[in-house]
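Common to both upcoming complexes is chain A, partnered first by chain B, then by chain C.
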Partner chain A sequence: MIRAEWTKFRTVRGWLLGLAGAVLATVFLGVAAASASHTSCSKGPVEVPCPRPPTGPDGGLVQDRFPFAHRDLAGDGSLTVRVAGMTGIITYPPPNHDEIVSGLVPWAKAGIMVKDGVTPGSRYAAVLLTAAHGVRWQHDYTHDQAGPATASWLRLTRTGDTVTGYASADGSTWAEVGTTRLAGLPRTVQIGLFVASPTNVTSTANARGGSIVQARFTQATGVFDRVSPAGGWRYDEVGDDGERTDWEKFHQPAGLREAAGKLTLTGSGDIAPGGTAAGVTVERTLVGMIFALLLVIVVAVLFVTAEYRRGLIRTTLIAEPRRRRALAAKAVVIGAVTFAAGLVAAGITMPWATRLLADGGNFVQPVGLATGLRVVVGSAALLALLAVLAYALGAALRRGLLAVVLAVALTVLPYLLATASVLPPGAAQWVLRLTPAAGFAIQQTLPAYAQVSYPYTPSDGYFPLPPWAGLAVVAAWAAAVLAVAAARLRRGDA
Partner chain B sequence: MRAIIEVNGLRKRFGPAVALDGMTFTVRAGQVTGFAGPNGAGKSTTMRIILGLDRPDDGTALVGGQPYAALRRPLTHVGALIDAGAVQPSRTGRNHLLWLAHSQGLPVRRVDEVIDQVGLRTAARRRAGGYSLGMRQRLGVAAALLGDPPVLILDEPFNGLDPEGMVWMRRLLRERAADGRVVLIASHLMGELQDLAGHVVVVGRGRVVADAPVADLRARFGTLEAAYLELTRDEVAFRAEGVR
Partner chain C sequence: MTAAPADALRAEWAKVRTVPDLGAALLLTVVLTVAVAAVAAAAGAGSPDPVHVSLLGVQLGQAVVAAAGVQLLAGEYGTGLIRTTFAALPRRRQVLAAKALLLVAGVATAAVVAVGGSVLAGWLLLDGYPGVPAGALLRAAAGSVLYLILVALLGLGAGAVVRHAAAATGLVLGLLYLVPAMLRFFPDEDLQELVYRLCPATAGQTVQTTVGLAAMPIGPWAGLAVTAGWAAAVTAAGAMVLCRRDA
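Let's turn to the complex of A and B:
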């Protein structure tokens, strides 16, 4: 019966054209948007290519900007400090946005680090104290591990490729916070003290829909004493772009002060994964799929409702009296053809549009082969599952227009409302958990990181569910509606 | 499979309306059997139940001793024409037959054979939406013949046929019956049935009112039409004045 249903599908030209249109819409919109997208920076009146965001050891774009007091460490060694204090400022925070206040953002950091040079993006491991999240063990931008909630003494040891961090409340009893092997670390590395103060980003609901995202300059000052071994510090602002805020120009510049065995380090920035702010994600090239989905919905619905309209369903059931099999055969065929169309569409669009984006001076978030394949194959699977859902609605309702409207209302509409910054972020996240639009999570390439204080909203490309869980939500919807259609088909007269 | 249709005690209501009220008859092989009765007498419902499309409230309908739903590759057991208009207009006639052939695991050769058999060769690769009623009728018959089944069930097969088509249809049905197959045709054309059918089942208000050889009815009433009008006198929902 599957072969018969495939014959049915391929012998109606309108349905084949609909599918071809879906592929073309994806490719055309992706490529058109990519080739129209151009990024450049200005140096005075001159347009120049933008400075490339640093790339971390795993190939992803990272943030790597912070004040660093460091010295060479040749071979094995260690560093012990006490963090005597941490203070800072936040510029014009809510509720009144009218003054610069003292305070630290939750992920402001002061700590010690082993780093493979001062080039942004180089490998590192660090044990650090945060303003609100206790002691942490962090390395290579994406890795974060919690240590004790309170401690002021920090120690870092390097043995070969292995770096280990310890924390202590009193300087005599030490607990290991974390250990990491940084494979291929050269003999001479930089070891030293650092502070970091991430930009204060907030997202508030907009009364007219969507959300307002604001970013504020912050600065932190860390005071270190009981530094052992002491002396020999060089100061660098890693990743310095030369830009200075008024606060830095007129009040408190970033830098290092040494007095009476105390080191006071001031500055801003963060050492963290790049996020969508650092560059375009590859899934943005697949925006055309939402238009492809509209066409696919119409084809999938008509594939079954046309039979009801013409009375052809009786011929189908005379040929296959086992009704659930007849229903399933059609579902398999519509799923398979839309999967193939999705695979072609995403497989062409993503590599092509990504290259065009890079040619336009845009920074594209690099993805590994496995992630890239997951996005392409997952997008095809998403299109197929949404097509099966639309088909099942058609089979359950037996009315073409009604089923198309309902399918659009369940898939395209919630996706647009949630990602186009129409709904407030909280509502958008619930929409993307419960409706079949949750499946678009399969396209998300950048994970949200708990150690970064950032409003990971759907409009920014972050979904509330993990990729495969999102796809599972769609599968559950399709299965449920298919069950309703099967029950109606089995009970009633044809 | 035995070539026989057995309808036994079928009952079916659609809401308050009684469609079938103990419909019982048997159709045997070897002759064309006519299935006659006024509109609303239950002919179509009975045929849909035989084909497993409608569910009876009570009673059974067996084809070759089995319910239709139990048949595997059903078109090789039963060929049916119930609605010649039931085609996807944008699909060609040949492709319509092709998917049916694929659904039964029949070779593509059969598609071309039945196309020749019903005389649709020149139109087979055109969109079925452009077919005349007669051509659709031929396409429907081609679909019924596709699996070379021992049982044929045709609803109003003469609809829309031109005189040449009527002759062709008559010969086709006679040949099939003479072959030892079951041929059940529902029709309002009493003249046609009188010449063609060896046996007739007349129904009214969901029950059989006569189940007899055509020769017997003609002996009693003169013509099949006279027999029909007499037998269904009290069974008709609508009748214009002046007819008997």
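Let's turn to the complex of A and C:
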């Protein structure tokens, strides 16, 4: 039965051409876009290789730039401080963008940290106070854990490889906020005080589609007292790139002031997962898939409606009177064929275009082998499931034109509306939860982090559902429409 | 005996009247456009451009009118009816013109109802478009009606060129949806703007913008003219293919 359906498929030249076109469109568009994309950096008149953003212990991009008052800690030890106050400024925030106001961004931080040196990307664990999210326990950039909502005393202890953070409201009763084992931590580490003030970020819709993300400079000042044990502080701006804003030049430079047992630390930056703004993601190379999808929809619909048009369906059903089986056999064939085509298309495009992007001086977000495979295989699975959905629509409606319109309206249109900033972000997220366009989540490689104030919108490539859940939504749609098609096939005349 | 243009029109009218395809498609256009508009308006409170949000249904409606345009001619190739049509009315361009006329009339009626309903839904759900000048609202609404008519003609022309309903629909929908979807991936801003100006969907839909129009890559009427250019070019190509090739 499956062999018969495969024979039907492979002997229609137009369908094979459509499928080949889908593969070629994906490869061509991905490679063409990649080779047209160049990034260059210059120092004065000289072109230099662009500085690579720092990567953390797990290989992902990180932000690691902040003022740090630190000293050596050899072996075990602890540090206790009271955060006496936190103030700051935000430059030109919305709505008017016309003045510098005093205030803190929600994730402005003041706290204490154990860090494996001051090289950007080195390992750390910290207990810290935030402007709007209470006490947090954070380590190695991606990990974030909530502590008590209010506290002003913080304590950090290191025992071997294990670092533990405590918080207290009064300095006498302490509660543990978090504990972490940083395996392989050297004997001598840096322990000290830090502040961080991430940029103030907004996202506005771009008239041509997509969104424009703007980040504005902010600065925070933390006042620490009752520091114990005290003394011996060295100051470093971790990850300093030498750039200074006008505010830092003319009003308030970053730095450390010590007076009467009080340490005042001023500065900007963040120690957090990074990579939202830097570089290109690998899934960008698969933009041509949406073209492939349209071709696949037409082929998948015609695969069944052509039989009704020509009356071949009656022959098919005489050869296989168990109608549900006939329907399933066709679904298997169209699914398998489009999966193979998708695998070839994504498997060629992603490595090739990624290479071209890197050659053009662009920074490509590093992804692990597992994630890369998930994107390639998942994209193929997505194409196959959407093909089965289109085929099922064709089988249920028996009218090629109507099925093509409906399949496009269910897949391509929601994807377009949600990702091209046509819809407001809230509505866009619902569209990407409910419609088959949810499946494109399988291509997302960068996770969204709650501890970073960044507009993780669909137009930036962030989907509301996790990758496999998105694919499951498509599978559910395909199964539901197949069930409708099966019911119609069983009940009515062919 | 040569048939007069009025005969072609009467013959096409008889087909449209007795086959439910076009009527159903137009009804579907109205229902889908207004439904999407109402949902978008309900979800889109606080959007910077409320008129644009309430006209979002046109994004879906255009697919249905394009398909209706394709079906009107390409559908006859599917059933073989086209040979009878051309035997009765050998002036093929006249047949195309009659179909185009009926399509324009039908889509215009449906579009007026659909866009009117969308604007009304938005009006009720978004508290009467505060701060939008009446002229801009009128331009967006009238422009959307014209846009839908042009898209339907684009479909008719594509059906004449490709002759296969599903394939022609795929082609037109690709033009309407894929180019806008790809736009943000273009690496170069200038290229983005150029493609925006040349694509019938993005250029034509500019007419729906009522806020920040100066920042758009193309003006509202110029954008609609681009869509009209596409419709005219494809329909002309369709007329040529129709006359040259066997049916």
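What we mean here is this: the second predicted complex is superposed on the first by the 483 of 494 C-alpha atoms of A that agree within 3 Å, B and C clash if a C-alpha of one lies under 4 Å from a C-alpha of the other, contacts with A are read in each partner's own complex, and residues count from 1 in each chain.
Methods note: a residue touches a chain if its C-beta (ideal position, glycine included) is under 8 Å from a C-beta of that chain, and two chains touch if they have at least 3 such contacts.
Here the structure is a predicted model, which means the values were calculated and not measured.
Overlaying the two complexes via chain A leaves chain B and chain C side by side, clear of any clash. Touched residues of chain A were counted for both chain B and chain C, and C has more of them. In the overlay built on the shared chain, the residue A:Val298 is in contact with chain C alone; chain B does not reach it.
Look at A:Leu401: by the touch rule set out above, it reaches chain C but stays clear of chain B. With both structures placed on the common chain, the touch criterion links A:Arg284 to chain C but leaves chain B unconnected.
In the superposed model, A:Ala20 lies in contact with neither chain B nor chain C. With chain A as the corner point and C-alpha centres for all three chains, the angle toward chain B and chain C works out to 50 degrees, nearest 10. Shared-chain residue A:Thr315: touches chain B; no touch with chain C. In the superposition on chain A, A:Leu416 makes contact with chain C only, not with chain B. Of the two partner chains placed around the shared chain by superposition, neither chain B nor chain C is touched by A:Ala480.
Least inter-chain distance for chain B and chain C in the combined superposition, rounded to the nearest angstrom, is 13, based on C-alpha atoms.
Common to the chain B and chain C interfaces on chain A are residues 14. Residues 1, 3-5, 7-8, 11-14, 306-307, 310-312, 314-315, 317-322, 492-494 of chain A are the ones touching chain B in the complex. The touching residues of chain A, when paired with chain C in their complex, are 14, 29, 33, 36-37, 205-210, 284, 287, 290-291, 294-295, 297-298, 301-302, 305, 309, 400-405, 408-409, 412-413, 415-417, 419-420, 422-424, 426-427, 430, 459. Those residues of chain C whose C-beta lies close enough to touch chain A in the complex are 32, 39-40, 43-44, 46-48, 53, 56, 59-60, 63-64, 67, 70-71, 75, 78, 165-167, 169-170, 173-174, 177-178, 180-188, 192-193, 196, 202, 209, 212, 215-217.
Across the interface of their complex, chain A is touched by residues 48, 51-55, 68-69, 71, 74-75, 78, 80, 82-83, 85-92, 95-96, 98-100, 102-104, 143 of chain B.
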